[in-house]
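Down below are the structures I want you to see.
Two complexes come next, and they have one chain in common, subunit A, joined by subunit B in the first and subunit C in the second.
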Partner chain A sequence: MSRFRSYLSHPFWGSLLVLVFSYLGLKFGIGYLLPAVGVHSAPVPSSVLLQYMLTVFVAILLYVSTDEERWRAFKQPIRDVMVDPARRTMRAVLLVAFPVLAGFVTYGRVRAEVGAPPSLRSIHPAPPNDLTFRGERIRLTSLQNPLRESGLLEERVRTGGRLYVQNCVPCHGDRLDGEGPAAHALNPVPADFTDNGSISQLTESYVFWRIAKGGPGLPVEGAPWNSAMPVWEDILTADEIWSVILFIYERSGSRPRTWEEAEGTGEGDEG
Partner chain B sequence: MGLQTPWLIAVLAALLASRRCWLVMPALLVAGQAAAQDVERGEAIYRTWCQDCHGEDGKGDGPAADRMLPRPRDFVAARYQIRTTASGALPTDDDLMRVMGEGLPGTAMPGWPNLSDDEKRDVIAYIKSLSPFFERETPETLQRSVDPGGGPEAATAGREIFERLECDRCHGRLGRGDGSSAASLEDWRDLPIRATDLTEPWLFNGGMGADAIHTRFLTGLDGTPMPSNQDALEAGIVTEQDLWHLAHYVASLGPEREPDVEEVVRIERRETLPGGPDDEAWESVRAFYVPLIGQIVEAPRQFSPTVDGVWAQGVHNGSELALRIVWDDPSNSPDPEWQEWQDRIAATLYADEVEIPTDPLPDLLFLQFPSEVPEGRERPYFLMGDGRDPVYLWLWHSRRGAVEARAAGLGAAEALDSAGSGLAASAKWEAGQWRVVFRRPLATEEDGALGFAEGVPIPVAFFASDGSSGETGGRGAISSWYYVVLQPPTSRAAFVAPLIAMLVTGGLGMFAVRRAQRSVHSEGRG
Partner chain C sequence: MRVTCVRPIRVAGALAAALLLLAADPGLAQEALALTPEYGHFPLIGARGAIWIAAQVHLMFAAFVLGVPMFAVVVEAVGIFGGDRRYDRLAKEFTRLLLIAYSATAIWGAALVFALATLYPRFWAYLTAIFAPSMWIYAGLFFLESFTLYLYYYGWERWKEGIAKKMHWGLGILLNVWGTIVMFIANSWLTFMMSPPAQVTADTAPQTVRLWSAIANATWMPINIHRIIANVVFGGAIVGAYAAYRFLAARTDEERAHYDWMGYIGNFIAIGALIVLPFAGYYLGREIYEFNQQMGITMMGGFMSWLWIIQAFLIGILFLTGNYYLWVGMGRIPGAERFTPYIKWLLIVLVIGTIVWATPHTMIASRREIAAMGGTHHPFLGVLGVMSAKNTAVNFMILTTFLSFLLYRRANKRPVIGWARTGTLVQGAAFALAAGIVLFYGIYGYFVSAIVRIGFSVYQVLAVLACILVVITLDVVMLRGATSRGAIRWGQMPERSQYALFILAVTFTWLMGLMGFARSGIRQHWHVFEVIRDTSPQAFTPALGPAATMISVCVLIFFGLVAVIFWLGGLAEKPIVIPAAAGTAVDLGPAATAGD
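== the complex of A and B ==
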């Protein structure tokens, strides 16, 4: 035990241990341990992991080299392996192992498999100024949901709910979280209306545009060829779409962005 | 509420007759109120989250119900499929909690993690109040024997039980839901019901794994043709052990978990291509699972399609490509035995459509590709392209084989004029499964046809229609864009670069060691 402790206090073995623990912590701690205790997190990509590990390595070198004695102690095991006649076997093994490892890593890199091209899709592309809805020209800028002024709001929300459940649930889900029974087969995944970055960032006119024109109506930066969002103007009337909009805001507990808020910041630029 | 009231009055009356009534009465009144509130609170939650499918009165007839198969549960009739109680009995509260928590795989019923356990209990109190049956009986979980364990022997023994109990009559010889009576199955509401495909356990309503399967054997699925085996057990037709063996056999028919989905279908490079749909060489080629969902983007829509996924595998040899697509479909359409089923599905699911097909329809499979390998990001629309950017199709028909076609929109496919690029297909339907092999030379001169390049991602999307479920003219099951990548021949660089890396690393290592040793020697001398 005491021998183990003396190893730990040795600069070389201590540093090695720090490196190993940093690796484990960054690789598994952030991605898997944090979510297990309820903190929102995701695995660290390998390129970022490499950056972190380099930082840790440099920090270790700085630390061990600040003190002459520590630096000598740190170098000792490395030097021993290189020169000590008693460590011949170890030396030979390492001299073979390192090149083999390097060759292996290089082979993996060179032979890297062709993956799917990256999807550089803009989630909220800039909307047009106006659109043609079933032959009728509608100006989107400053457009408000006409049903909010019509009274009978509760009734309209109920209509919207009925239409939502008949048409939207397979993808956007009963809970409006984009996890409907068909969502697993879609790429890109359906929008999650309960997410802060979703409809609460948008004006109702924007949402109207997205519903009316669907995937095929997206500009090129929205990758219109990928989205399975139907062109709802072919199926629903304008009033029906507006009532669905009322419903999704009401049920998700979010508030549409107003034109005053949208002005100046330039809606849709966030992409 | 209805249950508690008479009981409360009786207890209160008894207490009033006794002398110490003033001590207990307030507590009892509070308890009665709390129970009533449960139902009220539950109803409020029900109105928000449940009634659009399960209906205003709980009869399973909400506005979304008509497009679903199976239909939502009718809480008034109170026939529950997924329970731990005896056949014909009601579910326990725990059973209902489990379903509300996890949902029912393979159906439109999701889990409800957004509701707390207390809220779920309130909803359960409410849906129980919708049926008088819950007042009359207290459901109890069936006692089950201990699992003697699985393994190949248990599965082999289970296979005999499968035959003895004639499970194949509905589920089919290999369990793919294609049994001889599969075309005539109906539930208690006289609606058509599909026999479960036992090779896709991740879609089992009651969950996967031998334990869940065994529970279904004992309880049966009330309201469906799936019976309970409790009577057979009591009559000595099967033993406890038999049912466990059967459960392990059924579990062995499918994978242990839902297959992973990858965006890229890798096409291996080999000297010789596998042959027809049953060539054993296909066994050694990796198969990629692609989940499909109902085509609900454009009319005519299909919310509950037959096909829920395809397996794609491929091999090329530098000049020709062979792709095998395998999917489960209980009927080899058109099949007169399934004609009645086709009509019933149409009446059940397509009632709101203007034209309902009545002819016997074929099974169809479309493989969509762009008409050339895309250079930038732009691709055709994933659902059969559009006028601006049409797709190149492999269109397979269960009776006519495959043709090359182009499409500029759903239902707008046209066969290519000439002989095309030499596409050939061979297909086989067996025991509830289609296996179709496409072969085509990689290069082509044909206008509108895609030339397959090696080592680049080529978009591909799938579309499958089951004729016996009236799927035609755009009705069917679709996927979004995936990619095929033809493995390029291994380049020389793949061997040279690692060699250089090894030489450099080794050389530097030797150099460092030499230097270190020399300095030690000179120190020693010095």
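== the complex of A and C ==
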């Protein structure tokens, strides 16, 4: 027991233990333990796991090397394996094991796979400055929802709700949470308007553009895009689109972003 | 529009003719522009690659030669008014590095101008038609700046006493004035490309654009402020790297002690200025959003958004490395042992901060992983991908770094005042309060709309700044007349700590190139946003991979040249190492406080 304790307090073995526990926690704790206790979670993508583990590894090296004595103790087992004649067997094993491990990891990274390659997708692509709606040129940067100024807001919201149920529910769901009956046939899944990272981050003019032009109207830069959103300007009038916008903000309890109040402060998704 | 690519000599000839026409009769301007070929050709890397390298490397040297005089003059003032000659020597050594770097700045600046004139002749003719007067002023000021720099350096030993010394210090201030105006002028050209005044359209003849309205465009002042601070950070980091190089090459204990101290000052300047840099960056981002929504979204939420994850990771490295240098440095301060148990907790906060800050909202994942997550947002870690989490993380990292600095500063001191314990408790309470406010608004931000949430970041920043102000003021008062627990053993620093200074310099340089790409890239396919369209074969915005490669090439070129400068800096003159005077207590951070 005391020998085990001395191993734990040793900088090298202690560090190794932290590294292993960090890996287990990130890999299995987040991916499997949390769902087991009822927390909504999923396995961490390997790119993010690598990023986390790299940070932990660097932090361990920083910690052990801040103190001269600790640093010497940390290096001692490595040094012993490298030069101590009594560790010749272990040295030989490691000399074989490390290149094999490196080769295995490299093979795993470069081998051809059947699946489609991963794709990056910007959730909020940059809108154009102008758009043409049914032949009319509109300056998007100064565009406001005209229905907010026209009075009869409640009636407009009701109209928007009716249009939403007729056209949007199959994908975006009756609770506006992106869980419509057809949602899981689509990849990526439709936007969840109740998420405070979606429409509450956007101006109404932006939402108007996304609805009017749909997936095919996404900008050239950042392509190829992947969105099943139809081009609603072919189906709805501008007033109808604005009504739907009023409804989704109203029903989701969000407030549209307004440049006047926010003074154009930059906030984004960070990836 | 047809793309025209011709040989540089013909381009230069046509350009000269066009400029002559422009000078002779503004009425011929449009015709002259039309006569000028659109684009030149550069072998192997293309016109854009050539411009990119010339502009980036020029900018790196320019940042160095503008940043260093700012703190050289402050350090000289500490030497003059504090009576400690070591600072005077240090300021001179800083300035010596400038002399060589100054030539490199001019050479790369000339390369940039030639590249613009021969590779983008029509665009260059357009810019000169608007900015010609400011370009002449720029040249004149550059001359004055050079002359002042030479006078400042070569007059150091001649004007070293009394009123002459103060006048010499005045030269240092003048050097900064010239340099700042030069930078402001150059900034006006590039910010005009990003945010031209609203009345300038594709049909506007360049001669009709009023010079001042072109200069004072929407992003001009935010860039000016951001670059002033960033130059100090960059200058401090490069000076730190120079000190590290000289420390590792030192042959005597005195030299090692001197460069250890110099490295500490460089790190102190870089990290100190870095703490306020995010606020200036925030102001710039805000103005970009306000100028054009498309630009703002492209930068933060569009295809540039991944740059911010890389940036977060690199800034995490900066915080970790800067703190590491301080923690290792505590090993040479008697009395610091009582603080070393706290290091692991500080490290844990920094690591969690780095992890949170660098967690992407939209994750790179395989199809299988995306299917498991139900999209590109992770159901559990996704909460770390938004600004509420990131603002909280970065504010905690700033507080932690400040705490590391405070521990370093107090390491070898014993306060003599009666209320020292109460003062320390108040300092602790200030930290706890600031951390509480940052955490509260970080969590509360998840439950309010974006407009309200954006305002929270201001409260978080104010809480951190107020904490720093209160704690440092108290500390200065509390440690007045403090007794020493023992002198700092300058020079007794493990060699690995010096590599931390190299990492800082390289990371700062890389970050500079990376974020410069973000700023420039959001113009997308425009030379001047929505005014002059880029119709060259390279009109596309490069993906992150090629951009990162190009930036890395620039960083390698820069450091290759910097290595030569460091070597020359060592050849030119050996520093006169002046031992610390007993009892001197000029307070420029812990380096100069009692006991060293």
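Just so it is clear, the second predicted complex is superposed on the first by the 151 of 271 C-alpha atoms of A that agree within 3 Å, B and C clash if a C-alpha of one lies under 4 Å from a C-alpha of the other, contacts with A are read in each partner's own complex, and residues count from 1 in each chain.
As a convention for this text, a contact is a pair of C-beta atoms (placed from the backbone, for glycine too) under 8 Å apart; a residue touches a chain by one contact, two chains touch by 3 or more.
Note that the structure is predicted; figures quoted are calculated from it, not measured.
A.B. asks: Does the superposition put A:I30 against subunit B (first), subunit C (second), both, or neither?
C.D. replies: Second partner only, subunit C.
A.B. asks: So, A:G115: does it touch subunit B (first), subunit C (second), both, or neither?
C.D. replies: Both partners, subunit B and subunit C.
A.B. asks: Would you sort A:I138 into first (subunit B), second (subunit C), both or neither based on which partner it touches?
C.D. replies: Touch partners of A:I138: none, neither subunit B nor subunit C.
A.B. asks: With both complexes overlaid on chain A, does A:I235 touch subunit B (first), subunit C (second), both or neither?
C.D. replies: Only subunit B; A:I235 stays clear of subunit C.
A.B. asks: Quick check for you: in the superposed arrangement, does A:Y63 touch first (subunit B), second (subunit C), both or neither?
C.D. replies: second
A.B. asks: Would you sort A:L16 into first (subunit B), second (subunit C), both or neither based on which partner it touches?
C.D. replies: Neither: A:L16 stays clear of subunit B and subunit C.
A.B. asks: Kindly list the residues of subunit A that each of subunit B and subunit C touches, one partner per complex.
C.D. replies: Looking at subunit A, the two contact sets intersect at 115-116, 120, 187.
A.B. asks: Which residues of subunit B touch subunit A in their complex?
C.D. replies: Touching subunit A from subunit B are residues 48-49, 52-53, 62-64, 67, 107-108, 110, 112, 114, 261, 263-264, 266, 291-294, 296-299, 303, 377-383, 386, 389, 455-457, 479-481, 483, 485, 490, 493-495, 497-506, 509-510, 512-513, 516-517, 520.
A.B. asks: Which stretch or stretches of subunit A touch subunit B in the complex?
C.D. replies: Within the complex, subunit A contacts subunit B at residues 79, 82-83, 91, 94-96, 98-107, 109-111, 113-117, 120, 161-162, 164-167, 169-170, 173-175, 177, 179-182, 184-187, 214-216, 220, 223-226, 228-231, 234-235, 251.
A.B. asks: Please name which positions on subunit A make contact with subunit C in the complex.
C.D. replies: Interface residues on subunit A, with respect to subunit C: 30, 34, 39-48, 51-52, 55-56, 58-59, 62-63, 65-68, 71, 115-116, 118, 120-129, 140-141, 187-189, 196-197, 200-201, 203, 206, 221-222, 254-255, 257-259, 261-271.
A.B. asks: Considering the complex alone, what residue numbers of subunit C touch subunit A?
C.D. replies: 282, 285-303, 305-306, 308-309, 312-313, 316-317, 320, 324, 327-328, 331, 340, 343-344, 347, 350-351, 354-355, 358-370, 372-381, 385-387, 390, 446-451, 453-454, 494, 496, 524, 530, 541
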